[in-house]
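Consider the two complexes below, in which subunit A is the common component and subunit B and subunit C are the respective partners.
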Partner chain A sequence: MIREFFSELFSGELFRVFVYDFLYFPTVIQIAVIFIFIALLSTTIAYISILVRRYRGHRRDVRRARINPKIDQLITENIILNEGILEDKPIEDITINLEGFRKPLYKKRWVRQALIDRLMEYRKNFVGTIGELLRIVYLELELDKDSFRKMKSPRWERKVQALVEFTSMDFTIADVNILPLTNSKVRELRAEARHAYIKLSKNEPFKFFDIATEPLLQWDQIELFKIITSTKDIAIPNFARWVTYSSNKTVISFCLKLIVYYNQQAAIPAVVKLLDTKDHFLRADAINCIGKMKIEEVEATLVNMYNNQPLNCQIEILKAVGRIESGKYIDFLRQEFLHATDFDLRKNAARSLVRNEWMAKDVIQELMVTSTPDNQLILKHVMNPLIKY
Partner chain B sequence: MGKILLVEDDEIMQKVIEKILIREGLVVDVARNGKEALVKLEENNFQYDMMITDIMMPYANGFEIISRVKSEELGKKIPVIIISSVGNEDSVMEGFKLGADDYLKKPIMAGELIIRVKRLLARANNVL
Partner chain C sequence: MEESSFWEVLAGFYESTVFVYGTTLLLIYAMLAIFSLIAISHFVKKNAFVDYGTLVASPLAPGISVIAPAFNEAITIISNVRSLLTLNYPQFEVIIVNDGSSDDTLAKMVDEFELQEVEFAYNAKIKTQEVKRFFKSVNPAYSALLVIDKVNGKSKADATNAGINAAAFDYFLCTDVDCILDKDTLLKLVKPVMEEQHKRVIAVGATLRMANSSEIDKGVVVRMKPPKKLLPRFQEIEYIRSFVLGKMGWTLVNSVPNVSGGLGLFDKEIAIRCGGYDYQSFGEDMELMFRMCRYAKDNKIDYAIRYIPLTLCWTEGPETLRIFMRQRTRWARGLAQLMFAHKKMLFNPNYGNMGMVVMPYNFFFELLAPVIEFTGIIYYIVMTILGLINWKYAIVLLIFVYTYSVMITTISILWDQITFRYYKTWREVLLLCVTPFLEFILYHPLIVIFSLRGYYFFLTGKKHTWGDMQRKGFGNKPETKAKVVLAN
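This part shows the complex of A and B:
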């Protein structure tokens, strides 16, 4: 049946219909046939590529399942149960038997990759002597050369893989290799390179801020923040340097967050100077920073500039007055709470009044009685200690 | 010689900790997830000298296992060490509130684990 169909298709009537008569079909039909053909072809290609990838993945998993127990055994025998660890010897005096790792099997590229991945897995779970010995094995077997080969690959996924390996093995690499990647157009590579740079560069981990022209996206900022604040022995510079000189707004914004986290009082003049910037998003970030650092000397400036600011800056000013808690601007907050037309402004004014309660107790009580039902509701809401902003 | 129940779903951690503890002369019973741990505890009538557990595991997490152990009269005496990659204040506090005796955040130092295990075992023996 199928055979007949195909012989008919290529030699007979059907073939003539598809190839010859096609030219005489109405245009709409021609277009429809072309679309159907393209759709069928794309679907077939997609399915084939999925199948090929799955097959490759499956083959890799099977090979890994075979080699991983052997690697585990070598690591256990030579590192985990190393006599030197048991005898509490210093790292330099511990000898690792690398004979097993040097067998011909371990010369194959995929086995070496499996070994790198396994060493990384172990290092994820163990620090101290075991972690150091795993690193020594990585260096002694010259697995860093495999990682370097990946760094030179034109494919960004390979570069990311190499960076992950270097970071995991705490392998310091030259700035010239990594710095350009911190400004890559590929978001994933850029993020990984920045993470690696912070982790690996002990002296100047923030040097990439100097050359960053690509933005630090919100998610990157969260990741970087986590890495910076959790990496041990990291040299923390004065972030005012980038607040003053960087032309990358996202870097400035990120530095303002770090200034708050590290409570860098020396950076305050640079932050205050940022209040004059034309970019209102940056200005709002600077005001936020001032509020969180409770810089009382700038409070008057913030209140004076309030009326000329866009909404986001006004909200930040109200929040800052609340955070500083000086109690000097109760009237200002009261006026905003009563007369602002925007809901967010009224809500933040109320919140800041509550934060300044030590000076504003009478005002709050008065407002609870005299203000409109809507405003009373806002006050009740912000006074609820369970609701946080 | 102490008998330890090791509850860990990570294959590497499981093997390495088991080997390290065996080398120290301890008997180790391994459970690969929370459910298996609860079964082993009941099968052995909570006769363990110590339990080392992870937090994030399939079927029943570490906290559930600890609260189950500590709710039993026999289980109350079992010292518990938590080994977890979750190191935030909330989970550390939760662990101690439920009755854990120690908390180690991954990555761990093998030497430190041994010292803590030995110390807790010695303390438990003295109390008993």
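This part shows the complex of A and C:
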């Protein structure tokens, strides 16, 4: 039978079988035959796609490898080595020779995109006059129009690309264009719009905090933190405003981190008020903020509330007492170190005792002798400079 | 009308069952191919403008403990630890757990990294074999390194548990000390945790690949190449299919069954609360994942397990049949063990996707697949002997299964190429693309046989040799041999 099948196959009989007998095959075999063709077609398409993708990628790499040195040369000659910079002229008096950039080659869309990418790359490494000249090139060559075209695209990833370009080139756009995007349902667009808003808005860069209904995710916070703390000439507001009034918990949590970073003493009352919040994660953030800002006046409040708190807040209180280093609550730390059942509480109490060593030297010595072997080990652990955590 | 005999009824039932089974499996693969494409496209779009450098410089980055157990790894330990210490991340520690090595693994580390024994407050939240000593470096350049010396626990699980107990941070990355990690592994794995809006991400995984023929310099993969030898190359395409198509597909519907023991970022709190790795399990990584999900469901934690399609880890795949057989036998045994231990979750709606998707899929299409394939071959042989086979139809069906399997693997290679053009030359891609044509004939039967061997060992409770992994090491290093016998 196998022989018969193969003799049919090689004598062209298979074609007859498939074409004429197909309708008389059992359903299972009909389905199988259809799927064989689908599988063959899909595999072929997959191969062609791999081929095309790799070819396109390769071609893009080759083109970029060819154009980038030319762009670099133009930037180096006309901007970085510009005589005006060497002569320390004011920026208005510096002339940039844009002839090279205006050659027909630079009218092609992919070359313009390559130019934008290179300008952005250079802007990362150069600030001051050179950074400003790079921005002028972006404007003079009307590359902002390319960015605007992306901004108008219905595709969110194009909008993100436009915002990245605007932000990198410090190109001011109207608040009304960005603000709605700061609450977009697409996380990436929302995040990029927020960055752009902080960097580019000339009025109130933090206004979106007022209207933020979507959460500031941890990743967003990392990016925003960098933008806020690295943008020059940005008017830093008192973040207590959002700690007090925002209904968005993630905005409050983020503002607490900014309060610590900018050491905003004026925000302390708002932070202290937050100790009454029912959300224990937010409360722990507030305690953390108090500790890092070493607000000695609140230390008593923290110690008083300690026993009613969940574990995460208790740990933060112990850390805060250590950070404040007032030396007033050695007994409290000693008690916790000796009697807490949770390992992390004992470890943090020990660490805070060591941080208050200037007042707690005798207590630590006593504990090294009288406490249990486990507790002694904790003390030795936290006192060892080789062990960081 | 002539009455059917018992055997005819049985044969009819078997054929129908296998037909439904096969069709369902093929549909699931087709569905996974679509799901994974969506997930990969999302990933590529979402990460097109991500600057990981922002996280590197951030004081807000969450800390991560990297845990790597080591057993008799003296030859490669120094370069491997150095590689881990050069990971690009602002706040991390590297915990090497020397699991009672009988060679000079520990002594070499002590010498090289200027280690000094320290009194360390160790909280054994997960029970392990006795932990004897802790070492920290007096050289500030290695301040992130912590070495634990413990009594051999006869499993990677026990050593990893000791590392989890000593870990300082809320997340831990579990890896093998002989794995090579991308320097940005921590940055890329922590991102899905940090950008999740509603769920608690309890584990994140990424693609693993064979390091066998790749160019490696000082613990860093400088040029990725598909393995030259056929056996590891089969494994390479199997990994691509499993990670890029399978796990990326499952991640879209939050039903990832497993985060590999070679590379996975885990939520420490949940891992500890559910008891850590099971030292008796042969598939400890999948077993932990099941228990973490179970714990999350039992405690009403809205969890997620995420996968990213980037290759962040390279491992040395077995090059000989003997070692490969041991590995796959162990994996199959682990799967059987796992299914038996968690049978209550099967079709249990209380466990959500885990009970209704992950468990049934793994039970029917991972655990039972080799059994059904084997019975199919027996059935084929019996029918051939009895002269009851319609060869025309049989060969059509065989061609169907063959072309379908080649299609699925080729699609997964395409998806992989969409993520990143991983291989430099056309020749390397071509080499990989032709491998699926041989996989069905040469590699797949081996998997079936070794899986059945694993099930047999599970059912008979036979002693199993753990590890016995002859590593060649990376960069033409001499061979080293580790052998631990695990009594079950």
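We adopt the following convention: the second predicted complex is superposed on the first by the 259 of 389 C-alpha atoms of A that agree within 3 Å, B and C clash if a C-alpha of one lies under 4 Å from a C-alpha of the other, contacts with A are read in each partner's own complex, and residues count from 1 in each chain.
Assume a contact is a pair of C-beta atoms (placed from the backbone, for glycine too) under 8 Å apart; a residue touches a chain by one contact, two chains touch by 3 or more.
On a predicted model such as this, the values are computed, not experimentally measured, just so you know.
When both complexes are overlaid on chain A, the residue A:369 reaches neither subunit B nor subunit C. Between subunit B and subunit C, it is C that contacts the larger number of residues in subunit A. Look at A:76: by the touch rule set out above, it reaches subunit B but stays clear of subunit C.
Legend: residue contacts after superposition of the two complexes on their common chain; A:257 is shown touching subunit C, with no touch to subunit B. By the touch criterion defined above, A:377 reaches subunit C but does not reach subunit B.
Contact with subunit B, but none with subunit C, is seen for A:126 once the two complexes are overlaid on the shared chain. In the superposition on chain A, A:223 makes contact with subunit C only, while subunit B stays out of contact range. By the touch rule above, subunit A contacts subunit B in their complex via residues 72, 76, 80-81, 85-86, 88, 121-131. By the touch criterion stated above, subunit C contacts subunit A in their complex at residues 19, 26, 45-46, 48-49, 51, 54-55, 57-63, 93, 116, 118-121, 123, 136-138, 143, 168-169, 191, 193-197, 389-393, 395-397, 399-400, 403-404, 406-407, 410-411, 413-414, 417-418, 421, 426, 429, 433.
For subunit B in complex with subunit A, the touching residues are 10, 12-13, 15-16, 19-20, 23, 106-112. Those residues of subunit A lying in contact with subunit C across their complex are 1-2, 4-5, 17, 25-26, 28-29, 32-33, 35-36, 38-40, 42-43, 46-47, 49-50, 53-54, 57, 157, 160-161, 164, 187-188, 192, 215, 217-223, 225-226, 257, 343-344, 347, 374, 377-378, 380-382, 384, 386-389.
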